[in-house]
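Chain lettering (A, B, C and D) follows the sequence in which the chains are written, and residue indices restart at 1 in each chain.
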Amino acid sequence: MSFLTIRNLSAELKGHGVPLLRRVSLQVAAGEVRGLVGESGAGKSMIGKAILGILPRAVAITGGEILLDGVDLLQLPPAQRRRRIGASAALIPQDPLTALNPSRRIGGQITDRLVDILGWQRARAEARARELLAEVQIAEPERVLRSYPHELSGGMRQRILIASAFAAEPRLIVADEPTTALDVTVQKQILKLIQAMQARHGTALLFVTHDLGVVSKVCQKLSVLYAGMVVEDTEVRPFFAGPKHAYSAALLAATPKYTDPAASLQPVPEAVIEAVRREVADADRRAGHG
Amino acid sequence: MTITRRTLLKTAAAGAAVSALGLPAGAQGIDELVIAYNVNLPSWDPTTGPSAVNPTIQGLYQSVFDQFILQQPDLKPAPGLLTEWGWNEDKTKVHMTVREGVTWHDGSSFTAEDVAWSLQRAADPATGNPIQFVWGTLTNIKAEGNTVTADVAQFDPTIFKWMYFLTGYVLPKEYYTRVGAEGFEAAPIGTGPYMVEKFERDAYVRLKANANYWGGKPDFETVTIKFVTDAAARVAEVESGQSHVTLEMPYEEFDRLKGAMNGYATPISDIGMIFLNDIDVMLDPNVRKAAVAAIDKQTIIDRLLSGYGVAIDTLETPDYDAYDASIKTPYDPQAAVAALAASGYSIDNPVKFKIQTTKGFKPKDYEMIQAIVGLWRKVGIEAEIEVYEIAKHYELRAADQLAPAAFYNWGNSVGDPTTSTGFAMFGPSPHSVWDSQDLIDRIGPLWGEKDEAKRIQGWKDVDRYIAENAYVIPLLQYVQPILAAKGVTVTPHHSGALLPHLMKRA
Amino acid sequence: MRLIRQILLRMLTTAVTLIGVAVIVFVVIRVVPGNPIAMMLPPGATDEDVLRLTALYGLDKSLPQQFLIWAGGVLHGDFGTSITSRQPVLALVLDRLPATLELSIMALVIAVLIGGVVALTGTRSRDSGIEAAIDIGNGIALSIPDFLWGLILILLFGVLLPVFNISGRITPSLPLNFVTNFYLFESILRGRPDLWLDLISHMFLPSLALAIPLSAIIGQVLKQSLKETMHLDYVTLSRTKGYGENHVILREALPNAILPTLTLVGVQFTFLIGGTVIIERLFSYEGLGNLAIDAVINRDLPLIQGIVILFAVIFTAVNLVVDLLYAVLNPRLRHG
Amino acid sequence: MADGRGTIRRRAGLRLWLAGGWLALLALAAILAPWIAPADPLAQDLLGGRLPPIWVRGADPQYLLGTDSLGRDVLSRILWGARIALIVAALAGTATALIGATLGLLAGFLRGWVDLLISRLIDIWMAFPPVLFSILLIAVTGPGLGPIILAIVVIDWTRFARVVRAEAMAQGAMDYVASARVAGRGRIGTMLREILPNVVPTIVVLLTLEMGISVIVEAILSFVNLSISTDQPTWGGMIAEGRTSIHQAWWVLVFPLIALFLTVLSFSQLGEGLKDRFDPVLR
């Protein structure tokens, strides 16, 4: 039984009826890493936000279920949903430079969830924080806990955010393009760190990215998204051997290979775009959308 | 003090009571009278500085200090600290008898020496007494026993009148010389009906009744005079019961509240007038006469001032010494049009000049000038209004650069013609605006005229001459509105001074 | 080292500002028509009286001479003597300053409270009818000048339902043996709630009139700053931790949104002190403003000079305090 | 991808529309005053003083909003008063904007001693208590339309200068400015072509707010009896005059107060609306 199960999740812009998610379904089992791939604007981070309940105010979920550990979050009253997410899920944000509160010390930003939401004793929470900072290979955890975000580098802050995400031993973590905002040298280390932490803690990880290269190294399964609709849902290895869907193949072709960076990149051909658009329109009609 | 919950509740309740009590108890059982006064008191020395010549402040001084001579509510003199005074036969000497058994507020006894010293101090240029030129006419001032004598260096028929007018106050010689000006300012003492208990500048002064005042102990034991410069705020004070007595509120508000309270409306020694300057179009008598004839003073008083005002045709009011009821400048628009036509002006080709006025300095000053300009427009006079501050008016007048017409109010609480028509119309005086020689020749001899009857008749003739040639436009004698709570009766003073010791419990 | 250099620079700029203000005021009020001497001329005074009085008040000397004399005096604490009240200006002005300061502080506190509540409610239910109502409310509060609010309050609470006192600063009959002129603070220190309540009853309406327009400004700016902060990532991250909207606004967004509003409050405070002139006149509250208007009407030149200089000193002092507060509150600068 | 801004713009539109509507109506009234005003604003009828508005008993149909104590028609005086209000708002507002923005731009962009000089000037100017300084100023110049505008400009230019200076500094730090400099454009050229366009939105917003403030300052000055001296009716003057007979003739004060309030409210809402329109940050 997978920890996270999403069935036919649909969402649209309030008042405008513009569909953002079209009947998205996917699962993430405990200890499994699923990639969520698509061009920017395809709605992949929208799914992550839907799960964690941080959708923008102008977006409304119009159908479907989000089952966390068997309980559909959408049926819960807001307060209960908040607490359940807070206790069992976590987010690794994209940009470490803006994801930490500039006027609060680092320590508090890691322990606050443990104490306020999970009801831990302060001492135990602080010990946990020190332990996690060590785990994410941060030297002098004592000084870092007392310092402010602006005193630390981008890479260091992302490590802290990862530590903060794993602090409550969440059963699910949503990583929303955690390395995009970092410079290349640091990206590799952070990816390895996330992989190691996930393996060690056996957390279900939903990895949102536009970089198929990252998916090949980190994920076991992946879903390919176009205009809010899942066009392919498969294992990683067979996908890289031969993607079934034309759009996925075009996407793969447009991705630079680490092995051969000089290879010329072919943009996604127009014909493929047309085909997948038609497919989306058919699916909408079938589902009763005009 | 540890604030426990109980004490907090108790004090909160007490506090609420106090703030409610802060409102003076109902009019009936008033033991502490509260007056909302309309001007601030800048200084306690009634003999120097701008406040010494400001008529509205004299009421405060007269509560604490006595003048040489007492002025009764009807402006007439009566024995005060001086029981008897006069010149000798050939008016070369003056003698004064000093009242005995009077004490200063600090208990020390009041003697003729205090009177002599006060006169010497007023005559001394160094003290900065603005009326030094009058007091300077007395020299070789000496006190013997309970009389004071002095030589008349230069005869001034009004010298004794100044003794119940501006700066005519007796100050404590021994105390003043001991504490000095600043000490006196901090703790002033006089012989008057009330003693200063506490003074908070621009806020309030608390007065305590002077038990052994020679004129009898005043009715109210303590009096608090709050300085409330805004008229609407003063009205709110008496209406909400936070003050018992107030003055100088808009006449409409006076009419509204006089039913529920005791309302007094008394003509006072303050007149509204328009100075005419002997420049440009004003040199043409037709223009001046038309300007005077076109003003319907009674309608302006009735409509703008709710009827509170006495129309006047000369600078003398009915209760002044040189008042002559027979001098008339009636409202006659046709005559005005005719006079203007004689000089080639008409409604289509109006005479143009500028008229200056203050705004908000006297009741409805600006509206009155607007009304007059409106009336003038109907006969062919186009006057452009320029508003200026009272400070600028004094400067322009001192430099004789006023516009052809300028509104001003003229106080004269002694009612003598010299301090009204005299100083206003006599060329050489820095205060006059009309400087034509014919008027100077007529007024000149009156300054030193020793025969009182002849002097008064002389001033009456000057007033008639001025009216015939329209050298000035007298408008009205102001009426002072006073409102008092039901439990207080007030005896208004015609000088406009609001005197707490004239207030009795109803 | 950097800190000391910064302080020295700050002292220099303050000195320049104060001298600049002194010179400008000195010239402006000497150019003002209506010299005080003319005001003292009673009927019948002659020309040499004018000369005598002018010399007595030292107004006969040339402008630069007068300034040097005045500046010389200031160096050892003598700001000249007021013409109307013949008291030393410094004593007069310092005697009245506490009243205006207390009124301004009370107005600021009320404004910050109202502004804060308005901003937080506006943010809590942003993009809704409530926020639109708040915007209109702020617009109304801003578009009516404080003296008109004063009028309305006098009519409402002074006359119709006499709950508050409408003039003066304290009921004269209350025994008052205070050392300083800071009645409000001293009555708290001395544990005199009766006096304290009476003072509040007198000061509430004028400070409310001053506070209403100010609270609109603070409310609008703080709401804008809060709304912008609400979009930042660390706020969204905090929501994923399970915190409710109220907690997120108060603990995460507010501390960061306050900073930009702080400088505004500092500047508004100086305008507030300068702006009490009319309200003090309306409520006959014996502060610096009331004194200032009388000084101008009576052309009391030394007193005007003293008051304006004092305002300049307060202005620079408040700016200094605001900058220090900004550095202390803003962690980035604290460890700069 | 359409996003949330649509909804916000619609509500802001309503506010903008209403504010703009009132101001347009006002401008129309001001321009057409001589023709549409039922009576000459200065014509007095001393016997016809304090007539109530049309719907109150004892009203005179000729005077829709009643008359003041001198018998002048309140409605006509409000229409003519609109003229003064808009002149004060336009002239004082623009003059303040021009002076303040130019100095702010110079200080913010040129930096160096220019900035030092202008910043000191701003500090000195802000150290003056605004209301007191304007009273002193008008005492020097004497009341009148020109002096009032001068007083407003003298008090408020620092507000513009401070904001524009900060904005110019922020824009100056942006890379697009550096690239413009690299492209060989002179300092002044850069300032005018690169910085100014981005600072203009702030200036426009501040300008509308300043217009509202100018109308309020005129009302404050007439409360202290320093406003325009001629017979020309101004709202502030009418409010000050109406104060004394508030209980007998409330309409003399209330109607100009409503006109003043709606005008200032419209200016502030216009300013807010423009700020939303120009402000890209608001998501």
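Following the convention adopted for this analysis, a contact is a pair of C-beta atoms (placed from the backbone, for glycine too) under 8 Å apart; a residue touches a chain by one contact, two chains touch by 3 or more.
Every value quoted in this text rests on a predicted model; they were computed, and no experiment measured them.
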| item | value |
| --- | --- |
| Maximum centroid distance from subunit C, chain identifier (CA atoms) | A |
| Chain pair with more C-beta contacts, C-D versus B-D | C-D |
| Distance from the mean Cα position of subunit B to that of subunit A, given in whole angstrom | 87 |
| Whole-Å gap separating subunit B and subunit D, where each centre is the average of the chain's CA atoms | 42 |
| Rounded Å distance, subunit A centre to subunit D centre (Cα mean) | 51 |
| Separation of subunit C from subunit D, taking each centre as the mean of its C-alpha atoms, in whole Å | 23 |
| Overlap residues in subunit A, where contacts from two or more other chains coincide | 57 |
| Interface hub residues of subunit D, defined as touching at least two other chains | 7, 139, 142, 243, 246, 283 |
| Of all residues in subunit C, the ones touching two or more other chains | 33-34, 127, 151, 155, 281 |
| Complex contact set, residues of subunit C against subunit B | 33-36, 38-47, 49-50, 52-53, 56, 82-87, 92, 95-96, 151, 154-155, 158-159, 162, 165-174, 191, 193-194, 196-198, 201, 281-284, 286, 290-291, 294, 297-299 |
| Sites on subunit C touched by subunit D in the complex | 13, 16-18, 20-21, 24-25, 28-29, 31-34, 127, 132, 135, 139-140, 142-145, 147-148, 151, 155, 220, 227-228, 231, 267, 270-271, 273-275, 277-278, 281, 289, 292-293, 296, 304, 307-308, 311-312, 315-316 |
| Complex contact set, residues of subunit C against subunit A | 127, 232-234, 236-244, 252, 255-256, 259, 329-332, 335 |
| Residue numbers on subunit B that touch subunit D, as the complex places them | 231-232, 250, 252-253, 256, 296, 299-300, 303-304, 359-360, 364, 366-367, 370-371, 373-374, 377, 384-389, 391-392 |
| Of all residues in subunit D, those that touch subunit C in their complex | 7-8, 11, 15, 120, 123-124, 126-133, 135-137, 139-140, 142, 212, 216, 219-220, 223-224, 239, 243, 246, 257, 260-261, 263-265, 267-269, 272, 281-283 |
